[in-house]
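To start, I am sharing the structure in question, which I have written as structure tokens.
Read from first to last, the chains carry the letters A, B, C and D; within each, the first residue is number 1.
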Amino acid sequence: MPFAYLRTIHFPDTDAAGVVFFPNYFAMCHEAYEEALAAAGLNVAEFFSAHDLVVPVAKSSADYLRPLRVGDRIRITVRPEPLTENSFAIAYELFRLNPVEKLAARLRTEHVSTSLKLRERVPLPPALAAWVRQG
Amino acid sequence: MPFAYLRTIHFPDTDAAGVVFFPNYFAMCHEAYEEALAAAGLNVAEFFSAHDLVVPVAKSSADYLRPLRVGDRIRITVRPEPLTENSFAIAYELFRLNPVEKLAARLRTEHVSTSLKLRERVPLPPALAAWVRQG
Amino acid sequence: MPFAYLRTIHFPDTDAAGVVFFPNYFAMCHEAYEEALAAAGLNVAEFFSAHDLVVPVAKSSADYLRPLRVGDRIRITVRPEPLTENSFAIAYELFRLNPVEKLAARLRTEHVSTSLKLRERVPLPPALAAWVRQG
Amino acid sequence: MPFAYLRTIHFPDTDAAGVVFFPNYFAMCHEAYEEALAAAGLNVAEFFSAHDLVVPVAKSSADYLRPLRVGDRIRITVRPEPLTENSFAIAYELFRLNPVEKLAARLRTEHVSTSLKLRERVPLPPALAAWVRQG
């Protein structure tokens, strides 16, 4: 079973069309990613700060299937996929849980481990690599 | 006991100084307000959309006492205060729960019930007025 | 020549890694889209509000090539591409202008004209269709 | 004459009520603050990153007088006010320029120069102190 993150849609997530602004689906998936790493024992406070070794998003894609409104309950599943020793992907599925459960979006991000000093790709940190392998 | 909302600080809440961007404290308090209304049985999907009757924030103030970082756990308490038949305030206290509980910010918002058609203040909707009175 | 939008990176665009948070590249491209429509004479205040006819983003994708920091100057080019009578795409190129001009990201969005009442796809509004055709 | 910053309201600034979300007024004022510092020759890329010396916002307040919608043109004036050798305030006035110019909000922030290592207040950096004195 993939890691699952539950969340409610709030007013700050929305835009003037009355629904969640499409880039915010990625922000919510990033929350799910952070919770998955924390659940696996990684120190997210340390990981998501400005260091020499960073693991930024190099690619993203999304299919938006249904709108989300204030008060909607959602569940996001998080599935890491190994790519190379320096990189991995995450596949997300975002379900709207009310009134009946429906898939609302599919998203994907690719992450590349990078040394800011060396200005080149470096192997993933071991704890992150272990999390990716566990899928 | 005032309504309390628990939340974790996530990466999208932060800025390049490595901490939560100060306007985002208000966004988190608005989440707590929505949860408090939902817990009292109000339909927040309906309430926070574009209608004739809106209850926008007319004033806000905040004292920021401690920074918040990715992974921090927080609790926000929500205390509504009656002002007039057309308006109310909410006092928020935001506590950082780790490593030991500390008050991290005090915020306040004032809300005014307004008819967009009439372009004037109108009495609070009854369900909202009841929530304010319960304090 | 495609429409071009100039902008400075500000602190609210950034995250705790010290650079622009990746979903915010889409928010900045949406700003460029709005400016392109306004320059073509469309009423964006009307277009981007909650109506029966909405034109939400159905797909998005991005390649992030370089980080962006507070104070960076950027230029975003906006190229609409016809897809069907109900839909179109926009290809964006985001250039960082300092210290020398470099491509920083390529993004793409697909938009589908939809009637909320009919719950189905409908032809693009004429003014929008004309903007898409002009490329 | 105080420094003035011109800006258009965009879709990402708004919420499901169809207007700018109230915390985003502070984000727009922070943009104006950054532009004022850059115009005075300060290195904002350096200033707004994670260093030992930070100058966070310790207090904020706002009066919201008029709503702002997608496409609205605004002007924000920025007036720094000296407080102590370690702190200063900024008074902002936000004007909506269309259809006729009207004051839309008054905001205020207080900033305290702090050493993260010493965990105490320290004098403002000289370039910032000079900017504050010029008013």
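Please note the rule applied: contacts are C-beta pairs under 8 Å (C-beta built on N, C-alpha and C of every residue); 3 or more make two chains touch, one makes a residue touch a chain.
None of the values given here were measured: they were computed from a predicted structure.
Same-residue interface: chain B and chain C share over half of the residue numbers found at their contact. With centres computed as the average of Cα coordinates, no chain lies farther from chain B than C. Separation between the centroids of chain B and chain C, computed from CA atoms only, is 31 Å.
Our note on geometry: chain A versus chain C, Cα centroid distance of 22 Å, whole angstroms. Contact with two or more other chains is made by residues 11-12, 14-19, 21, 23, 27, 30, 48-50, 69-70 of chain B. Residues of chain C that touch chain D in their complex: 8, 10-12, 14, 16, 18, 27, 30-31, 34-35, 38, 43-45, 48-50, 69-72.
Residues 15-19, 21-27, 30, 48-50, 54, 56-64, 67, 109 of chain A touch chain C in their complex. Of all the residues in chain A, the ones that touch chain D in their complex are 11-12, 14-19, 21, 23, 49-50, 69-70.
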